[in-house]
Amino acid sequence: MISVYYFGAIALVLIGLYAILVKKNLLKILIGLSIMETGVNLLLISIGYVSGRSAPILSEGIGPSQAVDPIPQALVLTAIVIGVATTAMALSVAMLIYEKYGTLNIEEIRRLRG
Amino acid sequence: MGEASKISRYLYTVIVLFLIWLFLTASLDPQELGFGLLLSLIVGAFTYEIFTTNGLANLSPKRIAYAIAYIPYFLWAMIMANLDVAYRVLHPKRPINPGIVECRTVLKSDVGKLSLANSITLTPGTITLDVDGDRYFIHWIDVKDSSVEGASKNITEPFEKFLRVIFG
Amino acid sequence: MNALTAVGEILVLLGTFFYILSSLGLIRMPDVYNRMQTATKSATLGSLGVIIGVGIWALGTDFGSAAWLTKTIVIAVFLLLTNPISAHALIRAAYKSGIPLWEGSVVDRYREHLEAKEKEAGSPKNPDETPIKEGGVE
Amino acid sequence: MNELLIIIFAPLIAGVIAWALDIKILRELTGIVGAVIPLSYLIYLYPTIDAGKTIQYTASFAGFKFNFALTQLSWIFAMMAGVVGLAAVLGMASTARSSYEWLFALMSLTGVFGIFLSYDLLAFFIFWEVMTFGSFMMVLKYNKSASLKYFILSVIGAYAMLIAIGIIYARVGSFSFIQVYNAFAQDAALGMVGGETLFSRGEMAAIFGLFLVAFGVKAGTFPLHVWAPDAYSETNQSYTAMFSGVLSKTGVYGFILLYMLMGYRLMAEFGTFRSVPKFGYIIAFLGGLTIIVGGLLAALQEDIRKLFAYSSISQIGYILVAIGVGSALSIEAGIYHAISHALFKGLFFLIVATIIYRTGKTEFKDMGGLAEKMPLTFAMAFVAILSLAGIPPLVGFASKWLIFEAVISQNMPILGGMVFFGSAIGFVYLIRFTYAVWFGQRPTDLNDVKDAPLPLAIGMGILALLNVVFGIAPGLVAGELNKIIGKDVIGGTIWELDIGVGKYNGLLITIWLVIGLLVAAIIYFLGARVRRVPVTDTYQSGNPVTMDYNLTIRRNFFLPLKEALSFWLRISFDKLYRDIAKTTEDFADTLRNYVYNGNVQSYAWYLAIILLILAMWGV
Amino acid sequence: MNGQYAALLIAVPLISAFFVPLLKGAGKNAIKYFLIAVTALQTGIAALVFQQVYTTGQPIIVMAGGWKPPVGINLYFGHFAALFVLIVAVVSFLMAIFSLESIKVEPIDKYAMLFLLLMLGATGMIATGDIFNLFVFMEITAISAYALTAYNKTGEAAEASMKYIVLGGIGSSFFLIGVALIYGSLGTLNMAQIAQLAATMNPTVAQVGLALIIFGLAVEAEIFPLNAWAPDAYQAAPHPITAMFSAFVVKAGLYAMARIIYLMQDVGSWGSVLKLLVVLATLTVIVAELAALRQRDVKRMIAYSSIAQIGLIALAFALGTQSGVDAGVFHMVNHAIVKAMLFLAVGYVAMTLGGAEIENFKGLGRRMPLMAFAISVGAIATVGIPLFNIFWSKVRIILATLQVGYTWAAVLVLAASVVEAVYYFRLLHVIWFEGDGEKINENLAIGLMVLFLAALVVVIGIYPDYVWSLAQKAGNDIFNVASYIKNVPLMGVGA
Amino acid sequence: MMKRLLAIILLLIVGYWLAQGLAGVPFGQDKMLVGQYYLDNVKQQTGAVNAVTAVVVNYRGFDTLGEVTVLFIASTGVGALLWKRKKKRSAKTEGSIVLTTGTRLLVPFVMLFGTYIFIHGHLTPGGGFPGGATIATAFLLLYLAFITYEIPHRGFEKTEGLAGMGYVLVGLIGLAIGGYFLFDWIWQTWNFGTENVGRLLSGGFIPIIYTIIGIKVGTELSGIIDGMIKEEVSE
Amino acid sequence: MIGINVYLALIAIATLLSMYRVFRGPTTVDRLVAVDIMTTITTGLMVLFALYYGRMIFLDVALVYAILAFGGVIAFARYMEGGL
């Protein structure tokens, strides 16, 4: 049986994708994207978890055999920052779009096609 | 109230920051202390101008004593407030009588006004909606007196006797 | 079990109670102003209880150290300072974004104040003319 | 540098130099040199080839092994290309207008040489492309829609060939003709005994079909001929001499290769009917249809360029019939006709080039009475007309006669009928050309027309001479052709062709003809003093010939024929292709607007659908 | 010779990008010349790396921080990376020069930084030997590409960038899920070690992980239908950037895809992934060619053409044979040259004549003969005429496709090529035989650049042997996973 | 509605597929290979107590350099896209005295805490990114409270650039001293702080890099905030 | 006494309860208030987790979280009243 963390992570990914697939407002789509990223990060973290072990900071009595995998945590740190960067870019592009098109409805933002 | 000298303001800022550092690290390791001092000096240099006008004058014994005395007083008020909240939340009829009232304060300093506002927010049935000069606009969950004087008497005055001393 | 853990746990227990109270208030109150009335206070007090409680509780454990207490105090003070500020900012936002008071509200002095101010100024004040104040706040 | 490479690349290099120089006269000279060099080398290498040797050359290049060989067969085709190419280049010296034309005309000549000298499929394909590209650029300069049509069909043909080659390569592991031949031969043998063959029946059909398309396009086989009339007419007519005379022969050459490399295998797979391989019938009957369609349409043209363009198509039909029949005799006959067609059609197009160069006119209605003004050109035309019409003792007769004999000897009356019909319709359009251009009343604006310029005249001269020489001494050609097969399929002497069931002696006929002409001349000169009447001053039934009458032969002369054929003329493959193209474009538009609809959400759905496919695929 | 200096290929663009803010006071032109200088330096280093790798025949393994793989992240400059990093640098250098003339929109300093980081990202994607690091470099590439796509700050540019962001975001999220699965199964992120252990993986995990990674990369690699962002981005981006997109950004994604596919060839479902990819690649070619057919905007038309060529490369890589990979790499090189030239010329024409609509190209042969010449050479090369470079690689791809037995794919791809021939034909006709106009003075530097690229096209077309031998070595680098594993000095963690 | 339904069905299938994949990677199981190596060797090889930090800065330093770059790109990109010849704050309502005063009191503390976070990166969770984000929050508060506040742009941009260069330079010094880019020469060559593991002055170049990152991230995020918060002023 | 697990569970429940308002609204400020409360409670939860795991270092995480949450809430609040 799949763990609740995995389940939550996949659920977040799917919820995010759902927002991207059905929401008409660009900001909601971007929020969907962020939710998806969050889900992925949660998944990464969950993958590195080892039952009964603690954070991989080898102080306060935690030794190498009592810590969880440090790699996914390191990866998630990177992934989070990348997510922030993407979101920042996306928001400024959205601002630009709003400035030029006066709308954030994706049905109307389609001057480029064909 | 005049502005204190830059050095005084800077030193005051550094002292406060270093104290916070001590609380954060709770360590007497010289490496920590040294870096704490260094960082306090650096951060203080960037921020003392917005942090304080009074500088070291804030550290007068009287003010500190009143500040310490204010803590239990305030906590008590806060606990009362929360029991009041508990009553209203848990009562099936939700007995409320809300509105926005105006109060006046005698406090002059900005920090004093902030403390008053926060105190009001955290105590029985009131939240500071806006402050304009000495006029406080307060959302009151159970309006007992909608006049300025009545409201002030109910809401601001209990705190002012402490705050006036602490912040002037 | 020692006194410190006992005191700490009691505080945590009380804090937890207020946390739940806070979220209930959030659900039960009729409008945003009254939700804030109930939720902010109990969440803040709950935090004080839980956080300081943890600090004290930790002192009584084998891994505890003074740092637990000092750090929790820093966190608690931070919340004590910021929670009313954010409540204030939020209620202002609620009011200024045009959310009406609950229909049972009895008085609105702030509306009167704003209207008087507008009449006096003739036009809304240009925010650009208010420069950042130099110097501290005391 | 190897002599084969010199033959192949001399024209291209000359073309690039001419293009880069871009100085009048110098570029013409360079171009001519570029055409002379390969021809000289081919002549120089004749003794070697005559001795039954092949000259081989292998180059490792671009990670492939390229094989070249000068065999008896390729020497004949290359000679044809060299001669007609030189004549065309001479013509271009008069008619070409820019260095652009020099570059691409010579590039296509390189392509042609490359095709004939390649000894592997890939080299063949590459030079095929080079030739196509060069000729395409020549057409592009003159006419967009003509070049587009030519281009699309050529590209389709080339890609068809590439796929066929690729399939062969995938199995054989080599492009070399020898290895491909061996593989197919082995496969054929295996197939006979019911063994596991390298290529399946379906693959053989596909390969054959693909090559059929590839070579059919280039040869102008019905129904892939639609590009040819426009392309031949919409370019420099001197170049068309080469285009129609030589380039189209690469298709013919391709069919011959097809026979050589995989004839056995195809026969083994698909069997024979009355000793003719079944796949050959396809080629032969397509050729027959091509004769008829090309001939009829030629008769209906109002533009001399178009007339000869359709005529070319029709003539290629003869060759395909011959090759399709596939007997030793018929293949030799086919090649023979390829040569004679190159010679007379090359000559025709140079004549057309001269007419256009001097008059600026292309339609019958604007012409007439040019014989008087352009006697030399008229003399050339006389040779060409006789040759095409298949009148002895010109080369056209010899080859047509051979084809007819070859077809009849295989007991194929329908094909024979088609060939005969082609000859008949050939007379029809030639008569019109003869009268409408050279005789009758001359429009007044043509009164100052001059005869052919020197380079063109030389070019025409070379071709006319060969038309006569090979007509009088057909054995010269036949002897070379026999060497391909390796036995005397066509017997006889230099002057005489003997195929057992019939004989044709060119010299004898010439002698009779000359005697006849002498008699006629004597009668003419000894006869009553005839009043010299200008061709324009003609009476008919006692009435002066009016311009209206004069025009009848020049304008819509074959209108009744057109009306009779109106039902068939409405069936236009050209239009069919156009409709297909239009449909494709509309479909492309719809697809583009539907797929790239501009909505980011749709695009996100594409991603989601791919995810779904991945999930469902169980990947 | 120790190859650690190859880390400069990462360090130089980075430090230069960080330096730009300090240069801001010196003016726009100073920044542009700085950009040229940095790309030139990068080209020099790349040439050095190229020279070392191809003379010694040994890859350069850069071990960041001195940690041996799989403990540390390593860069792998094998034959492929050495070749392509050089191409990235050279194209960047040319486009830096082009930027001098073509970039007028402010803020130039930001443009320069993003430009350098785009180059850096592609370099890193090609060089890295670590699957998560690949993700990081992919994001560097993608995010700078997002920003550069919108750089012109028109509505269209913002729209295009947004599409790119949304699709790229979905792609990278799923890529990361794939990485998570593979990491969860193997406990390592090093590509060589993944390849080594691939056979031991849980087959379901391997299937899902591989599929997701390919999915994520396919968005960057412009595989249909994940490429819907691309035409818009190509059209809206500043001209030099479009050239870079086509010349190396997409190729980095494509390469990464190929690399990972071949690393995972021991995975059970490998064959079916390839099959699916063959289908998608073929569709990419067909749809893109059809979409280009009646395109009125020449830049967009060439964008579609570029996508189609990418599809062809993807097809080659998806064949799963050495000859396919070699042909794909060869085509990558050729396409990089041709498309750099085309976008350079078309971009220059568009900025000179005020737009890339086909009407603007009327009479170009007379107005801007150099650009017309370059566009013609590019068009002819793309169509695959002998004596031009693409002919060789295209033929090789077709032959390789037929060798594997995907006759249908070869037929469809060639049918699409007919369509390609038609629209390029129309373009050529418009350029040379329609319209008229005064001759315009063409910029010397840009003229020299297009001539240089055109010369490359023809020289490779006439003498493909050298480049083909490079392509073979580079292809072997991708295909021969055993030697890849052998070359990476894995320190045996967990063994 | 149909679309929503389709989306849900599609997502459920995809989700099921992902779950199937994840089933092969059981939750909570020890799947470490390289990870265990890090845990076993981190203290001795890098001097860091926080293995995550060691992974981030030392073992996978390349990722982190890339991460820094990504954020730099975002800040540059936002700056490029929202660039206007003249920009200005467009706030209409002033922050009340509660907010302004609160901000004045909080900013020094928040900044100090930010530095605390990145300087302790090798000992505690956190490091350059959260530290930088914390510092940026201080600037955010200033923007929120004071409607005319602006960060010193020139200085920030230069700091950002210098910090980035600093990071690369540290790496290049590693290349010069130890022969490898991003080589931790402080720990591995100088053996500085070996007796201090668990205390502040240890962890090789981690504190240096985290300081650089902290400053860089702080200035970058502030720059992004600035870029987004302001609007064009028509001249 | 009762045990830390119970507190953790109860606080988690409180967090979830406040989520109700986040989704329910009805106004944006309602959601914001709920988020504010939620973050406050979550801060407490994190502190309690630090105790649960016996790892003081998590307290730093809680403080960072509180700071970022405060900044975020103020930002949204100011945005709502047009103060950006």
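First chain written, first letter: the chains are A, B, C, D, E, F and G, and each begins at residue 1.
In this section, a contact is a pair of C-beta atoms (placed from the backbone, for glycine too) under 8 Å apart; a residue touches a chain by one contact, two chains touch by 3 or more.
Here the structure is a predicted model, which means the values were calculated and not measured.
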Each chain counted as touching chain C and chain D at once: F
Shortest walk length in steps over touching chains, chain A through to chain D: 1
Contact-richer chain pair [D-F vs B-C]: B-C
Chain nearest the overall Cα centroid: E
Relative to chain D, chain with the most remote C-alpha centre: B
Distance from the mean Cα position of chain G to that of chain E, given in whole angstrom: 46
Rounded Å distance, chain D centre to chain G centre (Cα mean): 86
Between chain F and chain E, distance of the C-alpha-averaged centres to the nearest whole Å: 30
Distance between the centres, which are taken as Cα means, of chain G and chain C, whole angstrom: 12
Residues within chain F bordering two or more other chains: 7, 10-11, 14, 17-18, 22-23, 25, 31-32, 34-36, 38, 60, 63, 66-67, 70, 73-74, 77, 81, 91-96, 98-102, 104-105, 109, 113, 116, 123-125, 147
Junction residues of chain A - those touching two or more other chains: 13, 17, 20-22, 29, 43, 47, 55, 57, 59-61, 69, 71, 75, 78, 82, 85-86, 89, 93, 96, 109-112, 114
In chain G, residues with contacts to at least two other chains: 54, 56-58, 60, 63, 67, 70, 74, 78, 81-82
Chain-chain contacts as defined at top: A-D, A-E, A-F, A-G, B-C, B-F, C-F, C-G, D-E, D-F, E-F, F-G
Parts of chain A lying in touch with chain G, wherever the complex brings them together: 54-55, 57, 59-62
Chain D partner contacts - residues on chain E that touch it in the complex: 162-163, 166-167, 170-171, 174, 207, 210-212, 215, 218-219, 225-226, 228-229, 231-232, 269, 272-273, 276, 280, 287, 290-291, 293-295, 380, 383, 385-387, 391-392, 395-396, 398-399, 401-403, 405, 407, 410-411, 414-415, 417-419, 421-422, 425-426, 428-429, 432-433, 464-465, 468-469, 472
Chain G contact footprint on chain C (complex, rising order): 1, 6, 9, 12-13, 15-16, 19-20, 22-24, 26-27, 32, 35-36, 39-40, 43-44, 46-47, 50-51, 54, 57-58, 61, 63, 65, 67-68, 71-72, 74-75, 78-79, 82-83, 85-87, 89-90, 92-94, 96-97, 99
Complex interface listing, chain G residues touching chain C: 1-2, 4, 7, 10-11, 13-15, 17-18, 20-21, 27-30, 32-34, 36-37, 40-41, 43-44, 47-48, 50-51, 54, 56, 59-60, 62-63, 66-67, 70, 73-74, 76-82
Contact set on chain A toward chain E in their complex: 13, 16-17, 20, 26, 29-30, 33, 36-37, 39-40, 43-44, 47, 69, 71-72, 75, 78-79, 82, 85-86, 89-90, 93-94, 96-97, 100-101, 109-112, 114
